[in-house]
């Protein structure tokens, strides 16, 4: 009889298996990469829903790889936050792999694309499930290295340049993270996150903790593109093929940047008021500067990339508040942003697929020719701008209410302002791209193939009904366990130690 | 203490090179140097005064071996560095092919 | 431990030469010297496994970098506001070192690590895994999952390089492109 | 320049390479197989194996080297090595755990000891050797093509 916790390593193993099989036989059988990519991500999605049930019924699961117990081996931890991130990552990955079946016909060597894509998914799943800080670094690097190559997948001049810039900045971030891990190891003599939390709690505050916090904010901030470290994002995200832009903006910066920051600040060192205000200031800066930079853009994908910076700011602001409502709002916005930003990038890809341009000034009236793309873009734009009843409205509302409740009226004001500016900039997109007069040269434009339509429609549906996640029964199994993990703070260590069978 | 500082100075040399040099190959060299420094730091914190390498031999009892865990981790981190370097060199060569130069002040199609 | 200081100073000088050298080929060779110095330092610090790996990886890196730079010496250009940018960078580095020095005071002294978990490996490694090379037992048994990740990173890099060097990346609608797959 | 490289280097280099390349390969294999009893291991050994082929290629030019090991073989070895390593990990499930050391440990200090560790070393060395040589070949050939154009 296999123990139920054997499900945890499967998240990495299945995606790696898919990648390796594609790389061996994918170049001979042309249909195999498409099938394998969708099938693997579908299985992963199914598994993540199963884990949601498991955590709801049995509580936290801890898995010892190779049967080595906690301090000497690597442990994998499945708790509420992990389940939340797993569902977000695999949901988006599944729809993007379906979308890529048609979209990637415009590129050569599809099997390389799918291999790298699955490796990136494996890396993200690995980051999310692990309970060991060096292991987290290794999987973070897998996801990063795969994304460097995917950004340059088109091999045009500007793509190579953007990929180079991204690779250099991200590698510097990785070096800072590794340096932080060395300090932590020397200070605590362990690599397990739960064990480390215990040791740090005994030793109390010291200069090491401050040093490591600075290093990790720089390192993970570079991965998450918080404002002083955001320079790579507006180049890298638009240059990648559209499914990869969706993947990068939708989930990569979240699982590599935000999840890791949360885990470190809340569960390992325990949050206090100064760290909390650093996070909130960084979040607000990203929120406001991102949206101001976005307004002036005419390149569709570049505009979306700047909005990613801005929306990440909301998430960090909500999580940095530290109140239960703030954390729920932040996590909910994280999920919502994954959905609607992925959808918007897929839409921009569909427009580019059909017309061959990304310049908003050259488009116009595409709604008549591409009704489905137009409608889904409209839904996603209203979600991101925070118009009721779409999902973005609810999460922004919760974050603003949480700010007001915590007596942080200044932050609430900036959040509202950024939201209004977002609305303005998306009205511009809709006006120039989809409404208005149809230009003559777009008379022959056709709607995109069925797989792309399918992925966009389903994601749009999730945007419409996203608000139901707040209904108590559903909230109980999805959002609340995740926010509880953060609220418990350094009790995480006791829970993990208790969870070992 | 001073040895840690020397090691971090090596790291800062690499960092300075990444931040200030305007040549693609120089930036790659900066990354390599910074990686060396981090790896070295990891081995330094594991060293034990008068220690022995963590390899047992039959019949001899060795008591004061150095910490084997950081050595294993540094092996991993060297490989990660190699992977990143290979990718960066491939990108650099493609960029040279497209632009005919390694100078990043002349390679500026994207606005920041 | 005097040889450690000498080697470290040598490495820093090598790094500075590599950074400031105008000629790319010399810069690459200087980095090679730094890497070889690092390999010797690893040997002094009783890490033979790491020293061997560093040595061979260094050679491979050097060969790849040499191929990339051969016969391509280029003049360097400086951007405007050179002084300002350098000052900012120097300020950042000084602040970084300052924080680091304060943090060093709380680290265990050099040569006396805590080794809480490591002692378990030293005591029980041979009995539990059967490998007399304890580093090997750590990377391939206690922490084999990390090594799976490491192998995957290399695999990712190979596929990534193959993807980047494709001659034609995008194709027009319905265009058939001959694919040069390796 | 490209013509010289197709032919390879001078006679002295070729003779010395012919004498040493087998030894380098053998040394790499030795390092791989003794990874669990002496310093070294799958990764270092794999790089040495790759370097022996790189040596051959630098001395004799790409045609001779690629005759010994073709591109498709490299790519096959690489993926197989990775798959082999993953399957060793998955076989641990037979004992109930991912990455369980499921083979008996044997007597210490012998070549056949330590359970899965030698097997893992062999899988990694296959992967690393083939993968790194593939990177090298790809980067070198990339240069040849556009140098011809100039």
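To keep things simple, chains are lettered A, B, C and D as they appear, and every chain counts its residues starting from 1.
Going forward, contacts are C-beta pairs under 8 Å (C-beta built on N, C-alpha and C of every residue); 3 or more make two chains touch, one makes a residue touch a chain.
Here the structure is a predicted model, which is why all the values come from computation and not from measurement.
Asks: Per the contact rule at the top, check every chain pair and give me the one with the most C-beta pairs in contact.
Replies: B-C
Asks: Please flag the chain sitting at the greatest distance from subunit B, going by CA centroids.
Replies: A
Asks: Provide the C-alpha centroid distance between subunit B and subunit C, rounded to the nearest whole angstrom.
Replies: Roughly 2 Å, centre to centre.
Asks: Quick one: report the Å distance separating subunit A from subunit C, using the average Cα coordinate of each chain.
Replies: 28
Asks: Averaging over Cα atoms per chain, report the distance between subunit C and subunit D in Å.
Replies: Spacing between the chain centres: roughly 20 Å.
Asks: Distance-wise, how many Å sit between the C-alpha centres of subunit B and subunit D, to the nearest whole number?
Replies: Here the centre of subunit D sits 23 Å away from the centre of subunit B.
Asks: Can you list the subunit A residues in contact with two or more other chains?
Replies: Touching at least two other chains: 9, 16, 20, 23, 65-66, 134, 138, 141, 145, 148-149, 152, 155, 160, 163, 186, 191.
Asks: For subunit C, write out the residues touching at least two other chains, lowest number first.
Replies: Those would be 48-49, 53, 57, 60, 64, 68, 100, 107-108, 113, 115, 117-118, 121, 126, 132-133, 135, 137, 139, 141, 143-150, 152-158, 160-162, 164-165.
Asks: Name the residues of subunit B that each touch 2 or more other chains.
Replies: Within subunit B, the residues that touch at least two other chains are 15, 45, 53, 55-58, 69, 73, 75-76, 79-80, 82-84, 86-87, 89-94.
Asks: Could you tell me which shape the graph of touching chains takes: line, ring, star, complete or other?
Replies: Contact pattern: complete, every chain touching every other.
Asks: Quick check on the complex: what are the subunit D residues that touch subunit C?
Replies: The contact residues of subunit D facing subunit C are 1, 31, 35-44, 47-48, 50-51, 54, 58, 71-72, 74-75, 78-79, 81-82, 85-86, 89, 98-99, 101, 105-109, 113-117, 120-121, 123-124, 127-128, 131-132, 134-136, 138-140, 142-143.
Asks: Which residues of subunit D touch subunit B once you look at their complex with the stated criterion?
Replies: These residues of subunit D touch subunit B: 38-39, 41, 43, 108-109, 132, 135, 138-139, 142-143, 146.
Asks: For the complex, which residues does subunit C have touching subunit B?
Replies: 1, 4-5, 8-9, 11-12, 15-16, 18-19, 24, 27-28, 31, 34-35, 38, 41-42, 45-50, 53-54, 57, 60-61, 64-65, 68-69, 72, 74, 76-79, 85-86, 89-90, 92-93, 96-97, 100-101, 104, 107-113, 115, 117-118, 121-122, 125-126, 132-135, 137-139, 143, 146-147, 149-150, 153-154, 156-158, 160-161, 164-165
Asks: For the complex, give me every residue of subunit C touching subunit D.
Replies: Its residues touching subunit D are 48-49, 51-53, 56-57, 59-60, 63-64, 67-68, 71, 126, 129-133, 135-137, 139-141, 144-145, 147-148, 150-152, 154-155, 157-158, 161-162, 165, 182.
Asks: Spell out the residues on subunit B that touch subunit D in their complex, using ranges where they run on.
Replies: Within the complex, subunit B touches subunit D at residues 53, 55-58, 75, 79, 82, 86, 89-90, 93-94, 97.
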